[in-house]
Each structure stands twice: as structure tokens, then as C-alpha cells.
Amino acid sequence: MAKGRVKFFTDRCKACGLCIEFCPQDVLGFDEHTINTLGYHPIKDLKPELCTGCAICGVVCPDLVIEVERE
Amino acid sequence: MGHVTIFSGAFGSGKTEIALNFALERAGQSKYNKVLLADLDTANPYFVARDARDMLEAKGEKISIIAPVRELAQADVPNLPVEIIGLLRTDNEMVIDLAGDKFGALVLGYISGHIRARENYDMYLVINPFRPFSSSLDEVMELSNLLERAGKIKFTGIISNPNLVEETTADLIKEGHRRVVGFATKLKIPVAYLAVESKHYQELYPEYGSSLKQIKLFLRPDWIRGF
Amino acid sequence: MKKVFQKPESLTDAKNHYCPGCSHGIIHRLVAECMDEMNIREKTIGVCPVGCSVLAYDYFNCDMLEAAHGRAPAIATAIKRLLPDRFLFTYQGDGDLASIGMAEIVHASARGEKITVIFVNNTLYGMTGGQMAPTTLLGQVTTTSPYGRKAENEGYPMKMAELLSSNEGSAYICRTAVNNPANINRTKRAIKKALQVQEKGLGFSMVEVLSACPTNWGLSPLDGMKWIEDNMIPYYPLGEFKVKEEQ
Amino acid sequence: MERVLMKGNEALAEGAILAGCRGFFGYPITPSSEIAEYMARKMPKIGGVFVQAESELAAINMVYGGASTGARVMTASSSPGLSLKQEGISFIAEAELPCLIVNISRGGPGLGGIQPAQSDYFQATRGGGHGDYHTIVLAPSGSQEMMDFAMEAFELADKYRIPVMIMAEGTLGNIMEPIIMREPVSKFIEKPWATTGCKDRKPNIVNTLHLGNEELENRNHQLFNKYQIINENEKRADTFLVEDAELVVVAFGIMSRIVKKAVVEARKQGVKAGLVRPVTLWPFPDEHIRTAAKNARLFLSVEISMGQMIQDIQLALAGSVPVEFYGRIGFTPNPEEILQEILRLAEREGL
């Protein structure tokens, strides 16, 4: 059971990928099956079970895409 | 050595007009060839003694106005006439018109050593109690202290110049003069004289006698009257 | 589970217009988080510049003004003087602050105005399309230094934090970067400290933030972050340059 | 009623204080500096703010900031300084921030000289900076009006959310006249738009950027609707002996007083002269001009410039009556000089 959980406001995502690069657990990736209103493939938690809720993804995100919960 | 008479006071106290009148009066009496009127108003070149230069020269008065050279006469740069120090060290009768407030104090500080070196000088504080910043004892004391400290010269007299220019009345002069006498008493500086425009002279003479001096306005434009 | 990271109240819901990977969004959020944590949103007035952050008034959820190019510190000065118990921040880029607004920033600092300046240094004019700024690095190619900035021709990049820290009126001057999570957290601490310095009335405070402009640098967002590390930080050292303590 | 002897500059500064002005932001320049000096002495004693700015640009932007708090604020400068302030004035006009901007004007172009002049008329009445806008421009003619107009300027500024300019020649700033001290203003209108911190309300934004085409055009229409209302309600002029006047002289500011003397003299010599004195330079009192044209054969614009207001007179008359010009720069024409010009024109026209 993951200790953390990320929630996305995917319509804000510009697919800069900073969250993916800085996530220490490699939880995140682009959602290749979706195009958001801005025209990007938004991010998605590809491996949610690995999330520790460290919130680094939110810290590096310039666009307020991510909310993070932790136990 | 000729007498040096310095006129100092707040902005707009009337010292320039009074200095011009005083210089003209002395020009008639002085044993010197010419009375030198030094225009040291470096603060702001509006309504300064040098404006009267051409008129006085044309009338052949025994007055020479020492002021910034012509091209600088209309400039707002602090252009102390260079010859002033030299003139202070030679035998002349001089009338010095300082700028108001701190500017006057600065210039006075610069030349005061040369003035003190001469034995006979007077420094007058011109007060119009109907002007801002010289309508209360506190304000007049502040001004007097500022000028005396900076110039290292003590005032020898106060010139009372109560007026509202075109709207001056005899009663107004009397009321203003009472206030100036009050300031003078507190400052322990004697009142040298009460200056009034000629038109009030006759009416006030019985009350003030020889302490009254009539002055003529040289710098005030005619067109301002009556409208 | 409890929320440990979310949009601060001091930002509006508006989506920002910045390019992907642009640091402005991060810096906006850090300022807003500090406002939330200090509970000063309703007492804060921000002044935004001409530059990419010209629309910042749409993003900050507090009273905001849009300034003429470079003049934000003059505007903030007057507001702070008239309303001394409010918090004033200006948010300025390098062209705005270090070029056209040089006089305003130097004198606000010299006067010790009790305002907080967020200075976003990304080495060029982002808004107008990547022209040379006072902070453009030597050798750096921009649209107006197409052969790379040369000292002989364009002079040297200006170090604003160092320059302003020499002013007696400056109470807190710090340079940080937002190129990795650790530096982002340091930036937030610096911004908070600057606002606290303002609260204590110690004087002028500024945080210079080294930021990425991936679009005009022609780099991916991640490479932009690396570019800060490799090129900017060596010339613009991080750290606190002036910390005035309470008397 | 307390009467005091004040320089125009001092009277204006005191008038601003009586109007509740509590912020002065300025940069020294002759012949306006006494205003700043007066404020520097007074503001700290009445809980106001005085800042000597690092430049004219900073000063006008401090006015922008100060006005945005809802406080009554002002700046004062002289012609070259006003040129530098134009950027800020354009912003203030667009942001609809009420404030007072004073031009104690001098001769130009360039550094020119510090002699009084009226050659900033175009700059003052056409906006002056970039974009379509106006400021209300008041032209006092004496020390009492320097005080009274300063007070009125703040009322107009608040009423219309517009920068109001007082333009007065350097002479007027420096000449001393007795004035009646007015009562301080105690009633001020609410300014719910002010950026004072958003406690208990939604955030306020002071902004001049309008990126959308329609948004920009609408914004300009809004401003011009306001200018139209001002144009309808605030035009002011004094007229003197214009009823039967065949030669109407138009002059503003200090010139109007000088011209008045000349008009009286001309009447004595049998010339039916009259005077229109625009009090507001913008909005220009064109109706007063047209009314005065009833019996007029000729107009004469007297200005301390190379001829600027004459264009507004010509626009007002729309070719119905010819307009002559008499002006000087570096000198203020005296009554005698203007009388001679009136007599010359009267003779030429057979008046």
C-alpha cells in the first residue's frame, strides 16, 4: 500500500516533465492516451503504488497541476 | 573701511526691495564713489536685485550691482559673483542682499570671515509677519538661529516689514509691527526701523516718527495692481 | 491521508500563461505559500512589472498593480509610505529591474524602503523574444547578441544582489535558484525571511532568483534547469549577501 | 478670515494640504522647487508623506502608487520635468487614478531657460504622453487661485478619477500676493477601487494592460465617454467686456491679467476690445469663445509661446472670425506692448 497519493489537475499540465525527472520513486510519466485542453499529454501516476507522498513533484511543478496526500 | 550692511531673512520677507532702497539712500550720502549692492540671491532668480540693474544704471544712480554675469543672471545655478571676496577686502561701502533661509545661510557662511574682519557692519533680519514660516516666534527664532549659526555673525537689528503688498493698510501695518516688536523683544535684537511703502508714510509718521522708513518697490510688476 | 501539498490560497485558480518549464510559476507559488504561512494575504499589495510576469495580477490573489516598465519600486515605495502596516512586494525581471528600472531599484534600496523585491533573473528579455539583458552571460547568444555577448562590446553581466547589498538601506539580500527541489525550498525560505525583514521594518529586502527560460534558451525544461546549474550559478553565486539583524 | 502673503508656489502647496493631500513625490527643478520645499517642511508635521524621488520618472510613478491607495497625492515640476513624467501620466490616466500634477512652466525646447512660458500648452492639453487620453488642465492667474485651484483639482480628480494638471507660469509660482486661507476639506468620497489590501473583499487590481482588440477599444471608449462628460460639465472661462467687443483677446494664466490691463487701456482709446480667459485649458472653453465672437471682427491670441492655444481658438471659431497671434518667449509681454498690438490691429481693420 502506497504511503502517498498524488492528485492531478490535468488541464493545467504543460508536459514540461520536471515532476517526472525529479520524482525519486519514478512514479510519474506522460499519459500518452490523453490530450488535455492545452494540447499536451498530461502527467499521470504510472506507478502509484510507489508514491511516498514526498511532494517533490508538486514543489518543482510550475503550473499547480499536482496535489499530494500522505499518511 | 566703508560700512557693510547685510539684509537677511526668510524667502519673500522683502529683503531685496529693502536692500535696493537702502542702497539708494546710501548712494546719496556715501563718501564713496559708488555703493556696491551685492546680489547674492543664489536660490532662485525670480525677482532679484539684478533685475533692477539696468534701470538703476540708466538713472545714473551711484550704485553698482554686483551680481552674476549676464548670461548667468537668469540661470538657477549657485553663481556667487566671483568678485565678492575681493570687494569685501577693499575699502567700499557695501550692501549685501542674501538669499532666504538656508541658501542665504550657506553663502553667508562662506563670506562671513571677510565680513567679520571689517569693523563696521550691520546684519539685519527682515521680517514680514504675514509670511509663512515667519509668522510665529518659534519660526522666527528658528530662522534667526539658523542664519546666525551658519554665518557666525550676530544680527544687529530687525527690520519690520509687515505688509500684504497691494492690500496693505495702516491698521495692518500697526498690527504686524506689534508682532515683530514682540519677536524682537524675545530675540533681544533691537528693531532698526519699520519699512512701509511711501503711500502709508504720512499716515503712520505721527505714531512711529523717525523709526519709520519709506520704501519704493522696484521689482513688483505694475500689471499686478488692481486686478 | 492528509493533504501535504496543494495550491496556496494566495494564488487564484487562473491558469498561468507561462511556457512549459518556465520558472515563474514556481516562484509565484513560493511567494504565495509564504503569504499563506504568514497569514498576510489580505494585507499584501503586489506590483508586477513589464516582462513575462506582466499578467501576474491575474495569478496573485491579493491587491495588485501593474507598473510601467521598471517603475515597480517607485510605486511600491509610495504605497508602503502611505500604508506602512501593509506588505509590499514587487515582482520584477532582469530587464525591468536591472536595465530600465535601475534607478528605481537602487534608490528604493538606498532609502531602505520596507518592501520586498522578487527579482527573477533568467539572463534575457523573455517577453519580447529573447533579447540581451544586463544579466546575459558572456558568450551567451541572444537575438540582440547573435554572436554571443562580448565584454568589449556589450560589457559585463550585472550582479544585482552584490550591487544592492552595498547599500546601507538594504536589510536582506539573497540569491537563490529554482533549478532543483533543494534550491526551490531554499528560495522559499529566503522569500519568507525577506518578508519577515519587511515585517520587522528593518529595511529593503530582495531575493534574486536564478530562473529558467527554456523557450528562449532553446532548451528542454530539464536542460534549462541544468543550464542554471552549469552556467548561471558559477557566475552568480548563491547565498545571502546582506543580513541586517534587529537592533 | 486669515490673510497671509504667499508666493504662488506656497499657496498652491498649502491649498493641496488643505484639500487633504498627504503624499508629495517630487524632484527639484526651478521654478517649481518651492512647492517641494514647502511640502518637505509641512508633511512630516501633519502625518503626511514627502519623498524626494530619484528622478521625475520615479516621482510620477510614486504618484501612481500613492493615488492607488486612495490617498490624495501630488507631484510638482517644471517643463523639462513634465516631459519626463509623461510616461507616468499616460499610465495614471489609463488607470484612472485621481491625483494632482503641477507644471510651474518655463521656456523650452530642451533646457530652454527658467523664464516663465506657456509653451507646454500642447503637451498639457493633448494628453502629452502616448495613447488617447486627457487630463483636466487648470490655469490659475494669481496666488489665491493657486490655492483654490489646488483644492478644486483634487475634487475634480476624485470625482472623475482623472489626473488633474495645474499649469502656471514660473512668474505665478514666484510672485507674492495676499490670500485668504481656506478651510480644510473634511469630506472625501469613498474609493472602493483602491489597492489597500483585500481584507473583507475581493482583490482590487490597478492595471493598464488590455491585450484583446475589443477590450482595448472598449477601454478607450469608456475613457472617452468620461471625457465627453467632463467636456460638457467642466469648461470654464472668465470673460471681460466681450458683449460688444469687436476685437477679442484670448489669454490664460498670468497673461490674462496683463491683457486685461491692455484691454482697459484700449477701451479708453476707443477700441472695443474684450478678453476671454480660459480657466480650463482642457476641456477648452470653446463655447465661451463662440459667444464672445458675436460682434467680433477679429480675435487675438496672446501667449508666452510661439502660438499654441491659437489652434484651439481657431477650432472653436471654425473659420467664422480670423485669429491673430502675438507671443514672446523669454519675455513676458507687458500691457503696453499688448496695447500697441491691439491698436495696430484695430487700425488695420478699421475698428
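As written, the chain order gives the labels A, B, C and D, with residue 1 at the start of each chain.
Assume a residue touches a chain if its C-beta (ideal position, glycine included) is under 8 Å from a C-beta of that chain, and two chains touch if they have at least 3 such contacts.
Keep in mind that this is a model prediction, so the values were computed, not measured.
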*asked:* Of the pairs A-C and C-D, which shows more C-beta pairs in contact?
replied: C-D
*asked:* So the centre of each chain is just the mean of its C-alpha atoms; given that, what is the distance between chain A and chain D in Å?
replied: 60
*How many angstrom between the C-alpha centroids of chain C and chain B?*
56
*For chain A and chain C, what's the span in angstrom between their mean Cα positions?*
26
*For chain C and chain D, what's the span in angstrom between their mean Cα positions?*
40
_Can you list every residue of chain B that touches 2 or more other chains, as numbers and ranges?_
none
*Taking chains as nodes and touches as edges, what kind of graph is this: line, ring, star, complete or other?*
line
*Which of the chains are touching one another, listed as pairs?*
A-C, B-D, C-D
*Which of the residues in chain C come into contact with chain A in the complex?*
1-7, 11, 15-16, 18-26, 29, 180-181, 184-185, 214, 220-222, 225
_Could you list, by residue number, the parts of chain B that touch chain D in their complex?_
11-12, 44-47, 74-76, 128, 130-133, 135, 163-167, 221-224, 226-227
*In the complex with chain D, residue positions of chain C that touch it*: 41-45, 47, 54-55, 57, 60-68, 71, 74-79, 81-83, 86, 103-104, 106-107, 111
*For chain D, which residues are in contact with chain B within the complex?*
3-7, 10, 14, 30-31, 33-34, 38, 41, 113-115, 170-171, 173-178, 257-258, 260-261, 334-335
*In the complex of these two chains, what residues of chain A are touching chain C?*
4-5, 11-12, 14-18, 21-22, 38, 40, 53, 55-56, 58-64, 66-71
